[in-house]
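Heads up, the next two complexes both have chain A, just with different partners, chain B and then chain C.
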Partner chain A sequence: MTESADIGIVFWVLSFVILVSAFMVVSLKNIFHCALFLIMCLFSVAGIFVLLDAEFLAAAQVLIYVGAVAILMIFAIMLTSNLASRKIRQVNENVSVGVFVSVLFALASIILIAQTHIWHYKTDFTPVENSIVILGKYLMIQYVLPFEVVSILLLASLIGAIVLARKERS
Partner chain B sequence: MSSMDITFPAFDLRFMAPEIFLFLWALFVFAYDVTSKRKSSTAAGYLAMLGLMIAGAILAYTNYGQGYGSMFLFEPAAKFFKIIFLGSAFMAIGSSFGITKERIINHRGEFFGLILLSTVGMMFLSSSNELLSLYIGLELTTIPLFVLASFFKDNKLSVEAGIKYFIVGAFSSALLVYGMSFLYGLSGTTDLVQMKINIAMTHLTFKEIGVILVLANVLIIAGLGFKLSLPPFHQWAPDVYEGSPTPIAAFLSVGSKAAGLIAFAKIFVNGLYAFNGPEMAPNDWGILVGILACAAMILGNTVAIRQTNIKRMLAYSSIAQVGYIMIGMVTMNDLGIASVGFYIFAYMFANMGAFAIVAIFEERTGSCEIQSYAGLSHTSPVLATTFAVFLLSLAGIPPLAGFFAKFFVFASAIKMAQADATAGWLYWIVGVGLLTAVFSLYYYANIIKVMFFSKEASPYRVHYTFPSFGIVLIGIAGVIIFGLYPEPILKFASDISLSFGFLP
Partner chain C sequence: MSEYVAVLMFILAGAGIVLVTFFMARMLRPHNPYPQKDINYECAELPVGSSWIQFNNRFYIFALIFVIFDVEVIFLFPWAVAFGQLGLFALVEMVVFILILLFGLFYAWKKGVLKWV
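Let's look at the complex of A and B:
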């Protein structure tokens, strides 16, 4: 690990970018711009993972969220006619209630977490080398049952998606 | 942490034979429907029902044991709930032959196969004692249900129901995982039994970790509250029940609810009960859940009175029923957890039966309005009488099973309150329960009044088709037999408490 002060600066910059771009995602009127800001937000989250020495998570974040999910969204927007140029209001009349509840929940959790002393404990945590190897072993040995159930889950969602998306012959 | 200590937990596939069989059978149902040349409107449904019966038989001959470490434990609680999942899936499929004949032409195999896959998810969930497999089981339960809720693709209400259920389901899963991540962060393990040991070993006081524990509790209660439709997380239920195919609404209200209950019991009774810090009373989450249960009973029973659509009314009634079930959950003794089991068992027969009648009636008339039931006793007396029996059981009228279900729940709470001076708040919950049970009688009896005391005869004469009417008869048999003779189920249900460390 490098100097903690540098890490602190990087962390704050990344957090700022995440917050701003996440806010843009839910407030902009052009859905295409929202998708671009979503990519920026997800990239910055990958940066946070790098800071936490979780390289595999960072790579997976970029591969899955930026590489697959966000790109898929952009494809969907571009393939839907007139969606990219249309102005869309993202909120309805319940926006004030939603903001109130979200702010309340955020404040409550921040206050609660700040009250605990758990953050002052120094742990003797050292990042593991080759975390991918260990993760793979966990997935294929200790957690192989949930891993297999996930494949049933994927099968169910695939079948469901086909059923819902297929055009019916009448 | 070195890579050396990653080992296989003790595993034995024989203990998960029912799940494996049912999964393979679901694949068989999918394959049969795709490959069969002459499309029969009933074959796939009968195949699915046969599969559920065979899975039930395998379940009966499976011994208790460790299937895969703590991720798959076959124990009395799991067995009891698996019977409920199989039973509610069986009754849901049995009552859906009408809609698959008329309204679902193209994807019958997928309709039944997805119900089976959802049941497999519930069965995995009820056997897991570990957060990861519990969560994945819950997802496998709900994701097929999103699709099933919107299965009438040309119907606006059904599509709306599917999308609503999907968004609410995804949101609640996110809350649940967020709460689980706090628990994992506190304890370093996902095993629910190991979790309380690890947290006790840190010797941290409530001031140091308690608030995070509270945050985790609240998030998990919210996440599971959506699945259980416990107020204030209930708003989706009436819309989804109204829009989805009626048998799916029935399956949602019994199977999916039972899955939420067992997940709740696993996390809160098994995992979180004993590891509260010294300054935290053991029932701290109990009071919160008790308040939500009171809200469920009051809101469900009062709003149900004003409904004109029978499916919406049954949705609010099921919200209220969850309130009664949660009384047993917060009682925290062997009787409480056994009464939860008995309640959901009695509720399965009454609610699945009531929904089966709604499905039969809807298939004949295309209407779900309560007013269209007027004068039904003149033209279809058997249907009207059986419906009345189910409604009276839901209201808790003796000697039907619903009466004993409510009685055991209240009795366990009163016994706990008498034994433990700090549990005096249970009296209040029982009081709310008794009072709202009177309200509930009003709207249940209202339908009976509409059916029996209308001057004009109904223009509809309902045909008694097999197997839908067979499901109604199963429901009637369950409601009456287990009302007159509840001992065997009670004895079985009292074994549930063994899985939660209570000695009966």
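Let's look at the complex of A and C:
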């Protein structure tokens, strides 16, 4: 099982990169650098998806979150006057409440994870071949209605974005 | 899975080349800082203002529209891969999907959003 050991190392390295870059996002003083670290964080999450044999999810993660959402954030920063060069104060004003909520969340996660069988998960589990074909079939046959509703949702968000952005300009 | 080892190697090599280059340059170069080196470019021309400029607002609406159609691409991809086993009905579904989104594009067009004034 040398292969699974290698995958384990890659998993820990990716997790480390995700945690460090996520910490940078909430602690750096230049908001532009925060956005760059957010891209690094989201890209590493795509790496985790690849490790789990979810290639389509990884591609979607890179295409939408890294390629579109993060770029949109960088645009928003660059379009706002002087925001990129300004030093911002990233200090949590409610440290005690934050620590309390974090500890509570961590405890709840640990309890929930301990109840599942995630630690002795079968490593010889073989992922489905051509999962994209299966996904496409489900999307076209079983989930046609949600699929078409998604286009309505996208249309609504497009029109909403246009209305908001135009109002802001005038 | 093993074909992703090549991807990992490319990522590591890409990062490594940049890091090694910066490290080598730091080792080799003489250390002689002076204020002229810190300006944005050294072309015997003093730059005006900061290099952090405010970009044109109009980029933002294009980026917003791009995000919507980026999400559409994600839905097109499994459809295109599975299309060989689906037939005419899937084509009709996708035409409906794209037509609904095209309405949004026409809305943007009519509102003059796509025009670069």
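Rule of thumb we're sticking to: the second predicted complex is superposed on the first by the 148 of 170 C-alpha atoms of A that agree within 3 Å, B and C clash if a C-alpha of one lies under 4 Å from a C-alpha of the other, contacts with A are read in each partner's own complex, and residues count from 1 in each chain.
The working rule: a contact is a pair of C-beta atoms (placed from the backbone, for glycine too) under 8 Å apart; a residue touches a chain by one contact, two chains touch by 3 or more.
All values reported here derive from a predicted model rather than from experimental measurement.
Residue contacts after overlaying the shared chain place A:Phe56 against chain C, while chain B stays out of touching range.
Contact with chain C, but none with chain B, is seen for A:Ile64 once the two complexes are overlaid on the shared chain. Touched residues of chain A were counted for both chain B and chain C, and C has more of them.
Of the two partner chains placed around the shared chain by superposition, chain C is the only one that A:Leu72 touches, whereas chain B remains out of contact.
Judged by the touch definition given at the top, the superposed model places A:Val101 against neither chain B nor chain C. Using the contact criterion defined above for the overlaid structures, shared-chain residue A:Ile152 touches chain B and also reaches chain C. Contact with chain B, but none with chain C, is seen for A:Leu112 once the two complexes are overlaid on the shared chain.
Using the contact criterion defined above for the overlaid structures, shared-chain residue A:Val133 touches chain B and also reaches chain C.
Where the contact sets of chain A with chain B and with chain C meet, they give residues 133-134, 137, 141, 144, 150, 152, 155, 157, 159, 161-162, 166, 169. Every residue of chain A that touches chain C in the complex is listed here, in rising order: 3, 7, 10, 50, 53, 56, 59-60, 63-64, 67-69, 71-72, 75-76, 78-82, 84-85, 130, 132-137, 139-141, 144, 147-148, 150-152, 154-155, 157-159, 161-162, 165-166, 169.
By the touch criterion given at the top, residues 1, 3, 6-9, 11, 23, 30, 67-69, 71-72, 106-107, 110, 113-114, 117-118, 120-121, 124, 132-133, 136-137, 139-140, 143-144, 146-147, 150-151, 153, 162, 204, 207-212, 214-215 of chain B touch chain A in their complex. By the touch criterion given at the top, residues 109, 112-113, 115-118, 128, 133-134, 137-138, 141-146, 149-150, 152-153, 155-157, 159-164, 166, 168-169 of chain A touch chain B in their complex. In the complex of the two chains, the chain C residues touching chain A come out as 1-2, 4, 7-8, 50, 52, 54-57, 59-61, 63-68, 70-75, 77-83, 85-86, 89-90, 93, 96-98, 100-101, 103-105, 107-108, 111, 113.
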